[in-house]
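Shared between the two complexes below is chain A, which pairs with chain B and chain C, respectively.
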Partner chain A sequence: MITVPDLLRRVFEKGGETYTIFAPIRRDYGVMIERVAGPEDISLDHVLTRNTLKDVMLPSCEPLARYDLERGALEPLKDDSGTIVVVGTRPCDAAAQAILDKILGGEVADERYMDRRRRTVMVTVGCSRADSACFCTSMGYGPHDETGSDVLLLPAEGGYLVRAITDRGRAFLSEIGVPEDKEEGVTPPPEITRKATTEGLKDWLDKNFDHCRWEEVSENCLSCGICYYLCPTCHCFDIVDEAGLTRGERLRVWDSCSFKGFTKMASHQPRVGRHARYRQRIMHKFKYTVDNVGETACVGDGRCIRFCPVGVDITEILEKLPSEEEA
Partner chain B sequence: MEENLLPRMCEVVQIIRETADVKTLKLRFVEAAKGGPLTFEPGQFCLISVLGVGEAAFCIASSPLDTSSFEITVKRLGKVTAAVHDLEVGDIVGFRGPYGNSFPLQDLEGRDIVIAGGGIGIAPLRSVIHKILAERDKYGKILILYGARTARDFLYRSELKQWEDRGDVAVVTTVDPGGEEDAWRAKIGFVPTILEELKPPGDSVLITCGPAVMLKVIFETARRLGLKSGDVITTLEMKMSCGVGTCGRCNIGSVYVCKDGPVFTLEEIEALPDEF
Partner chain C sequence: MVDEREGALRQKAEDLLSQGGVKLVIGYGKNALGEVRPLLARTRAHARSLVWNSSCVHNLAVYLTREPAAGILRRGEKVAVVVKGCDARAVVTLIQEGQVPRELVHVMGVICDGVTYPDADGAGLAVKCGGCQVRVPSFYNDLVGDPEGVEPLPGNPLADAEDLLAETEDERWAFWREQMEKCMRCYACREACPMCYCKECITEKSRPQWIDRAPLPRGNLAYHLVRAAHLAGRCSSCGECTRVCPVGIPVDMLNRFLTSRIRTAFGHECGVDCEAEAFQSTFNKAEDPEDYIR
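Our next item is the complex of A and B:
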């Protein structure tokens, strides 16, 4: 049995100098997973952090190389963050990482991402509370799910029970001198009240690319992209140059299928209309990723529901899409 | 860690002005020993970047038999293509690739082949033509149908003349209606129209590339001509950032044009949503 601040203290004692440590800390605008300087910074009174582990594993704007325009020479920028320890992420965000590992670690792996993942120890804290937007159980996960975690801390009376999930997690626990707990006594997980029906959804998506319901469900969408930015599995990116007169950088930046420019070429635009962009979002998560890596790219964290400025609710849409007879 | 999103650097060794808005650039790796020669198959593409401006996907337009250098043919249309047009001999560009699949030429041996290109779509077909003509005996009848907007918009003019002069290849050129000039003696009409007029036998293979709007019409034409959908082969263009299947941009349905294509048969395209 341990408390999260105590565990974080052990992490700092052992690897404060060598590890790159991320944990949830409270900011004016919400709790964020960020690099922390000491064990005292951690926040514990949140359901979910505002941001996701994408900020750690696939940063929103990351220089890949810098160059000298005069000489035409390009210097790759390495990420030498060493062992990355994430303490206090939630099970849904850890599960999202397992999905991204399959997508980005495929035939041609995204080496920058995978390298970071190989150096990461994920210490997840099981949920004691849930809110009305959470729907993880509908996606096959749950408040105490272990998918994607190396170590899972499960809430119990007076602290957390320590469970090693992977060999890496077990080795890490022995490295920081925290014993595994074998005993029972985990506090029952909070009830997840929101449900998303995915029965029949994949089948419907396979057959209904051109269905008129796409217009209907995307009617309110502003194409603002907030759902992309806050989604733990959305990972699409662009590669751009930013340069001054003599020097510049090549950056990998987040980019969203919500935006018109996402597929626009100088010659033509193959994806026309807001409904087509919204369809891409749903199809990518619930069909294309299933077809390609056998996973649904949604963990039910519910951020897209909490923060959509116009109340677009993905659980309502998933229910609505296959619900009625074809028009 | 092997970074696969960063380019190898190439020097521009020659620039050929093809038309008012199209140039062909011959490129060679700066560190030849490190980069080695470029081996690729017809149909594969690359990402070319101009430092300080950005990166864009282009087909490799030269003969796969020449590995000492390679060529891209670029129409000035957007930001990166404009920067490519502003390059001079000796300038440095970034190269990533070769990426994607290629035209299945070994499967087409012994067959009659129609190669139909429209506009800048002739660029990937040029690589195919070079490979086929280098092994001319392996194939049946070869017909090259090439259409441009106007008589002034034809690329690779000297090669076109060489192909015409060989005698073992039929070459038909056409311009879009209204694009002819007084001296124009070849066909007038869009590529699909002329293809229909030429009536290739139904057991021919059609290798085609052009703007999406032309492809959609030529597919209809191919069906009317009785060509099998597995024998109609094209290469598709979508916006790409990574080139290796991770940036999430170039998909048509579950298929990623960068890694599952860019070469597809009509049979494969028919199974995809109409979003290209």
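Our next item is the complex of A and C:
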């Protein structure tokens, strides 16, 4: 049994100098997973962080290379963050990482991403509370799910029971001198009241790329990038140069299929209306990724519902799409 | 009082859809959890689920220039929109700028007591509502609510900007630098803005690329400053840009400040008169002190 601040203290005692440590901290607008310099200030009372592990594993802005035309120099930039330790992420976000591993670690692997993943130890904290937007259980996960975690801390009376999920997690626990707990006594997980129905959805998506229902379900959508950027599994990116006249950096930055300029670098954005761009989001998550790697790219974290400025609700839409008889 | 307005709004919307030749009413509805969100009502049944309360925060004028409303207007058919006083100014500005035809937009103005944001600590009145002078919209076809005795809201819409102005230049720069570092470039502020209707935003221009695309302070600052300048004299002070920001940047502080400066410098008030010339496309040669523009 341990508390999260105590565990984080152990992490800092052992590897404060060598690990790159991320934990949830409170900002004025919400709780963020960020690099922390010490074990203080960790947030414990949130359900979800505003951002996701994507910020750590596939950063919103990642320098790839630096160039100087005058010197004729091109210098690839390495990520030398060493062992990355994430303490305090939630089971849904850890599960999302397992999905991204399949997508980005497949035949054509994203080496920068996979390199970071291989160096990462994920210490997940099981949920004691749920948000009304949470629907993880509908997607096959849950408030105490272990998918994607190396170590799982499960809430119990007076602290957390420590469970090693992977060999890496077990080795990490012995490295920082935290024993595993074998005993029972986990506080029952919070009830997840929101449900998403995906029955018949994949079949409907296979047959209904063109359907008037796409316009209907997306008519509130403003086509901003909030749901993409806060989504733990959305992973599209663009490569841009931040340059002066002769020197600059080549960066990888997040991109979103909701944007009018998305895929323009490859000639044009074929998805002209907002409905076509929203369709891409649903198709990518519930059809293309299923076809490609056998996983649904949604973990039911509910951020897209909670933070949508105009109340677009993916669970409502998933239910609505295949419901029509003539489809 | 609130219930009366909601009932009146529903009745009016039903009438417009059944007899008024209106194809679509853009109003507020609720999701399954009872949270308020925009509702595009096409039938009388939809109209009966319209709501009005202090959570009706969205500026629905943004939907006038988007499908399906834009298509309906293009076909020469009518669209009705529910507005608060601040939102009404956005509708007027859209009309001034030739984006929506006056005769096809049916404005349902609702007397507003100020709105609250569910996420904000204490759920008090939104900052933008402080000192509101347009609780009774100044422009409407139908007015919902009783204008008798409606007083402006207490407070100062520039309180936060004035606090910041009292600081040194370095401190102000540090403040904005910190805000700009947070920006993810999700463009929610732009997409929620009724006045950001450009077919192609300068941020999407890539040849040449005027504004850096990476979410770094340099490009972020350029984006927000260009946007603030484009909105000068056009911003209706609806505060949607700030409300939608997922990382808490007070985007509209820039706009509210520019609005007050423009009021002082040009005597211009945004969104008052549909017949007035659009603020940013007006050039009065006779009054211009410079002689280099012929």
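Simple rule for what comes next: the second predicted complex is superposed on the first by the 318 of 327 C-alpha atoms of A that agree within 3 Å, B and C clash if a C-alpha of one lies under 4 Å from a C-alpha of the other, contacts with A are read in each partner's own complex, and residues count from 1 in each chain.
In this section, a contact is a pair of C-beta atoms (placed from the backbone, for glycine too) under 8 Å apart; a residue touches a chain by one contact, two chains touch by 3 or more.
Computed from a prediction, not measured in an experiment: that's the story for all the values here.
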| item | value |
| --- | --- |
| Partner chain in contact with A:Pro309 - chain B first, chain C second, else both or neither | second |
| Touching partner for A:Lys264 - first (chain B), second (chain C), both, neither | both |
| Touched partner set for A:His235, first chain B, second chain C, both or neither | first |
| Partner chain in contact with A:Ser128 - chain B first, chain C second, else both or neither | neither |
| Touching partner for A:Thr197 - first (chain B), second (chain C), both, neither | neither |
| Which superposed partner A:Pro76 touches (first chain B, second chain C, both, neither) | first |
| Chain B versus chain C as contact partner of A:Ala65, first or second or both or neither | first |
| Partner chain(s) touched by A:Asp110 [first = chain B, second = chain C, both, neither] | first |
| Residues of chain A that lie at the interface with chain B and also at the interface with chain C | 238, 240, 264-265 |
| Chain A partner contacts - residues on chain C that touch it in the complex | 31-33, 35-38, 40, 58, 62, 66-68, 184-188, 190-192, 200, 204, 206, 212-216, 218-219, 240, 243-248 |
| Residues of chain A touching chain B in the complex | 64-65, 67, 69, 72-74, 76, 78, 103-104, 106-112, 115, 209-210, 235-241, 243, 248, 250, 252, 255, 257, 262-268, 270-271, 276, 283-284, 287-288, 291-292 |
| Sites on chain B touched by chain A in the complex | 1-7, 9, 49, 51-55, 77-79, 81, 91-92, 94, 211-213, 237-239, 241-242, 244-249, 251-254, 259, 273, 275-276 |
| Of all residues in chain A, those that touch chain C in their complex | 27-30, 50, 60-61, 132, 215, 219-220, 222-226, 228-230, 238, 240, 242, 251, 253-254, 256, 259-261, 264-265, 273-275, 307, 309-313, 316 |
